[in-house]
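Going by the order they are written in, the chains are A, B, C and D; count residues from 1 in each one.
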């Protein structure tokens, strides 16, 4: 347990003031809902109504550090040849206010990939300058299952500052040095009372219990591997999948990308953009494609998250945010797949 | 792809024509060989039949910055392949109307029937289309907001 | 061929933004077959020419800026580095565009990436090279490397085949190895034509006929997947253990550095952990995922 | 439409079809993993049949699965879905003898988005949604509220012209009637308001809508009329569009997709429903639908003997726009 005694509180009424203070130093991102969709956007300096409606965004905060599309470099061609130019990085410091623990954990997963072996300069430049201000959930979705993945709706493990809703105030815990520095600067923080702390503890426990969807991660790697070559089972699991990119694009831990060039006259750009293992073109080589059938692609998605990623980085690349379940047009539910595979593995073992 | 470096007053529209090789292309050729003058604004792509023209070609041309697109084929009943222009007619009808609904000026998408002997009509069509497109101004449909006012001229 | 050996140089590692390609200039193009050519090129940056190193088996991402990027193995040997070489077959948008380039054109190059053939492990052993079609290109880098240090290795057998005489790549190398008394060079084609006087037959069958001994030997196999699939059983029959068989895998790649995800098979990324693998490493998934 | 009778009939018919070997699969709906959701059930196992459901939440257009399955299938369809099948028959993507159509006379599907807006709660916070003929009762925290059903139906259901399947082998219930003119007009509200603004603003509207498109291709993959083996956006030679989510490319992709499904789209509304970032795609597809009807008096999926719209012509087709 973390020592809660270091914590402060901030009145909800002062959130706008606090964000305004931070805005002097950072680009502040908050959950934003235009008429259509909840995503992350630059704070407009006024509106804090997201505190009322915000449960989680459709587009995960990975989009801030790893945008759906970004320019890698531009180039010009003249008589002397090509001239390459990196895009100007005008926003090194970004503050994400209100990130959910599942999404913060997902960024920690992305960090592993993007700093492994070779460093990814685009992601890391943004991520290293970024500050994460977490906001614990009080009202998780019925599709959330973070508690099955070593986390909780109020988990403070991967953020710089952690906020917990205790009624009229937020209890604020400074987790990292970055977070502590932020708290040291503001005069809006007040001392907490025993009652506040008790309330925070209570909120954490109550919210934890509200997450009812569960998966069993015990021996999941072995279970999945034992069914890996069971074509019939995977075909059945994949039958209703329409192989769109929703679950992977909106997954906070999915990081696959594509690189494409564009040339207009003598100048051009190289872009990278999100890609998905659900698309047949993802692995297509000129002469063959190892994953033509959709069950192979779906198997890759599931196994990559639950088997292969843990083999490399020791953490399951799923944080239980439930987006893939909520947003799937055919209600393909990864938790059911894991259940089915576990049951199948059980049957196999008994035989 | 089109440059807007020039002053607005000097601006001349750039048109792309998809001309059927059996009729309109020959018509354009005849206009040339009989020294008829028509606006130099049009660039021509010869197609085997107006039925070959996919709505995608039209949109791609607009995407690349052409100010207008003209699809021209044989008069109904005269198609070298019997019916190609009839299919083209249906396709053009919905393309034009649908793009209008999207908010694209209807003058930017044009169609005509010009036979191999109608050099005069070809000149007439190109002249009118050029005039109409000139009236509505340059195609900035696909230009990025942030670039519209700048000097960066691509897209 | 002017030869400069760079195997003693300190290992070159990309610095800064790994996604930024170096600009290289095409110096020579050799047509290998009707759809395959070997491009000789050199970096524009003089300093990089001096610093650059690579090892046999490594690959690079070659691009035409504005068209795209794709991985190709470096098919020249680190023991002969006046320039770099890549053999490229026309199969898609980028490769067709590459074939339209001429001498003097600039291409993008980033790398080298991936692991390499385990030279330490190969030293003192008898080597059996089995190649098919354009699959000879990664082997070629290693073969020249080995030939240039001939005293460090035992017997060398090269079994190389292609669909037809017209599909044989690197004819100038095949000739050189054929002349080399210390190398046993066997060339075969699936089906010969009127002028073909050499062997006929599929590579795995020819391998079985040549029957190199497995004792103290390592087989290095590169070629189309179908050839690889049929070659491993033959090698097993000849007594090679999975550890004695080495191959390279080919997957679609975009980043080359283990991030973009598409070359992932099981827990390995072919670009980061490969492309060179022993059969022992890949036998568990090669049937289900390759 | 929560009709126990219909559900019972479906289960017994489906079981019989499988038992008699008349079909290899049944494609239907079962309860979804989340509240008020259903999910496609594709099975050849008799034991799964009792999971089949029919309720006002059977959103998916299951005919999308037909062109990929091998063998014969028994498929549960609503009015619009059945027309998608007819359209697939017209294009020879499906052979009539390979499908047994289990028709559901549909009284409209409930749009959970509208429900959420109406009661100001998310789907999972709502306790109960019950349809009672033309009323719907929504319960949140023991608070029962009643609304006319038309307020919570999908727009395309509200204006539905043909709720009873056009083509079926087994009809699971009583015929239902088409929407009233008033409802039809109400269902076109978004489109009409778009038509009433100047073209520049309309373009600006679509520009900003497609700005958030992620190119997940859910709209395409969920669409039964989008059956190309290889979509034009995946073509590299020539490269029509970059597979990069820029609004320009997104917009061109969607416009061309609409061209390709002209005369095939039956206004099932799946593209708009599937879109994770809620781009009002039906405002495009429906307008195309009406345009085809208005110009050529052609409605998709009505006549399986007719040629596909873009593969046919009439000598008398409009040409007033041609010079």
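Just so it is clear, contacts are C-beta pairs under 8 Å (C-beta built on N, C-alpha and C of every residue); 3 or more make two chains touch, one makes a residue touch a chain.
What you are looking at is a predicted structure, and each value in this text was computed from that prediction instead of being measured.
Engineer: What chain is most central when centres are computed from CA atoms?
Structural biologist: Centre-most chain by C-alpha means: A.
Engineer: Determine, using the mean of C-alpha atoms as each chain's centre, which chain is farthest from chain D.
Structural biologist: Result for max centroid distance from chain D is chain C.
Engineer: Can you give the whole-Å distance between the Cα centres of chain B and chain D?
Structural biologist: Chain B and chain D have C-alpha centres separated by 36 Å.
Engineer: Once you find the CA centre of chain B and the CA centre of chain C, what distance in Å lies between them?
Structural biologist: 50
Engineer: Please report how many Å separate the Cα centroid of chain A from that of chain D, as a whole number.
Structural biologist: About 31 Å, centre to centre.
Engineer: Express in whole angstrom the distance between the two chain centres, defined as the mean CA positions of chain A and chain C.
Structural biologist: Roughly 39 Å, centre to centre.
Engineer: Can you list the residues of chain A that touch 2 or more other chains?
Structural biologist: Expected reply: 258, 260, 262.
Engineer: At least two partner chains per residue is the criterion; list those residues in chain D.
Structural biologist: Residues: none.
Engineer: Listing for chain B: what residues touch at least two other chains?
Structural biologist: Residues 155 of chain B each touch two or more of the other chains.
Engineer: Report the residues of chain D in contact with chain A in the complex, numbered from low to high.
Structural biologist: 32-35, 37-42, 60, 64-65, 122, 124-125, 209, 212, 214-218, 220-222, 234, 242-246, 270, 273-274, 276-279
Engineer: For chain C, which residues count as touching chain A in their complex?
Structural biologist: Touch list, chain C to chain A: 14, 16-21, 23, 44, 63-69, 91-92, 95, 106, 108, 224-225, 250-252, 254-255, 257-262, 264-267, 272, 288-290.
Engineer: Can you check the complex and tell me which residues of chain D touch chain B?
Structural biologist: Where chain D meets chain B, its residues are 194-195, 199-206, 232, 240, 248, 251-252, 255-256, 258-259, 262, 284, 287-288, 291-292, 295-296, 309-313, 315, 317-319, 321-323.
Engineer: Of all residues in chain D, which touch chain C in the complex?
Structural biologist: 236-237, 239
Engineer: For a test of understanding, state which residues of chain C touch chain D in their complex under the given definition.
Structural biologist: Those in contact with chain D are residues 92-93, 96.
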